[in-house]
């Protein structure tokens, strides 16, 4: 019998292993996957810069969206995004290291709300993302009865 | 004296030339930049896939966000995003070719609303993104009086 | 056999007749309920004013949300809101007459996107609301096979 | 010299006294206005019901939007909403008593993020609202140097 903590960790490892977009294309690291919580990190490189020479907002969104996926799947029930919104508060520059913490705010039946906060290495908030989740059939990894 | 169409085209060329994130990292093409309108295209490759083997929602957001930037800067007044929301309607697979059209809905003083619609090669709507813009000081490219 | 137009009209009459909040408390009128479209009107009275002596944003939201409900139920399949966002563009004053038009943007399977535009009597856009709908079981009014 | 707590309380009294929409039309009470926090309450009456005989979502939005206004003005600097989003989690019935707590999440320069949580008398979350604020010129009440 797994503990909720072990289950969440295995969800994280299982999902991250095949997440080319987050891992390889964006260069994210998964620092923690716990029950109702995930923590990811991404360094801003020249490849992330848009025409204003700041990190493309889409990649900040992508970091938060990935963190959301780990947090809302952490109970090993397949869960998808049903909607989201983001507020950008501060630009990110090349060389910045962005950390995103995702936290479950409420989970009732099939629907949950998760808040992701993206901060830079000085602890300043770069963006806040809110996701609404919907649980569907199946598990992230097979779990014995 | 430039026409609005010439001005928008030059905005597009100026911005896209230095937009590493959109052009190089994501592989987008800018098909049109017109007054209050932009059209971009992105083929979904294996590099865009997440752990579910579908295109990461963050990259669909990124395509729409880039299209928003071209559409709202098309009048050659520097304009930034003041907020946005996205609804995902259908997944995108490797091999799909996504097109995003962005259209100005309203522009009054400094604030505008732009709607971006991401479709696949079958014309099915993949996502709808709404952006609110705020005009700031300066121009995308210098323009004689 | 009803036409889509007759069906939508009857949906509007059925729903509006028992909608105390919209009709009595807020003083809205339902001007049209057509397939995938609704049109409502609300005059701003002193009862709608907040501490800044402008119409409370919540009541502008309420007008748009009601219009959304009529538009997305107009096919006589019970439909609920699955998410929404609003952008406020201009304040509304006592004496203003607000009109809200709601239009179906896409409808595929159970999910649709509807855009509501609130304008004042001068045709200026006051707010734009986007709603995502989900169709559930049942009909607004019973319809013979 | 006022303390931040005294200042927030006076902001609350000043604004609520003239907020016809919240106080009279909707029947809200302002339970607390503290630095970066506000608490409001509203009982759901038959006047709030829509055609489904549940509380109109627009009025739940209105409760959250009012709470947002008190929380973001609590430092006695005039502050307006620059954007917001809401997620509805559970319907509210006639007889329910809704409480909304609003909390400042981040405030940096002119821009802040506030989260409002609407709960019923059983402590169940009914809706979550996120507001982005922008500080403008002036004060809610005149304050000596």
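The first chain written gets the first letter, and so on, giving A, B, C and D; residue counts start at 1 in each chain.
As a convention for this text, contacts are C-beta pairs under 8 Å (C-beta built on N, C-alpha and C of every residue); 3 or more make two chains touch, one makes a residue touch a chain.
Please read these numbers as outputs of a predicted model, since none were measured by experiment.
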Exercise for review: Show which chains lie in contact with chain A and also with chain B.
Suggested key: C, D
Practice item. Report same or different for the chain C and chain D interface, where same means the shared residue numbers exceed half of all residue numbers found there. Key: same
Exercise for review: Sort the other chains by how far their Cα centres are from that of chain D and give me the top one.
Suggested key: B
Check your understanding: If you average the CA atoms of chain B and of chain C, how far apart do the two points sit, in angstrom?
Key -> 29
Point to revise | For chain C paired with chain D, centre-to-centre distance based on mean C-alpha positions, whole Å | key: 24
Practice item. Go ahead and note the Å separation of the Cα centroids belonging to chain B and chain D. Key: 35
**Study point:** Where chain D touches two or more other chains, by residue
**Key:** 83, 85, 87, 132
Exercise for review: Using the touch definition up top, name the residues of chain C that touch chain A in the complex.
Suggested key: 82-83, 85, 132
Check your understanding: In the complex of these two chains, what residues of chain B are touching chain A?
Key -> 15-22, 24-26, 46-51, 53, 55-59, 61-66, 69, 81, 83-88
Practice item. Would you mind writing out the residues of chain D in touch with chain A in their complex? Key: 83, 85, 87, 89-90, 105-106, 108, 111, 113, 115, 124-125, 128, 130, 132
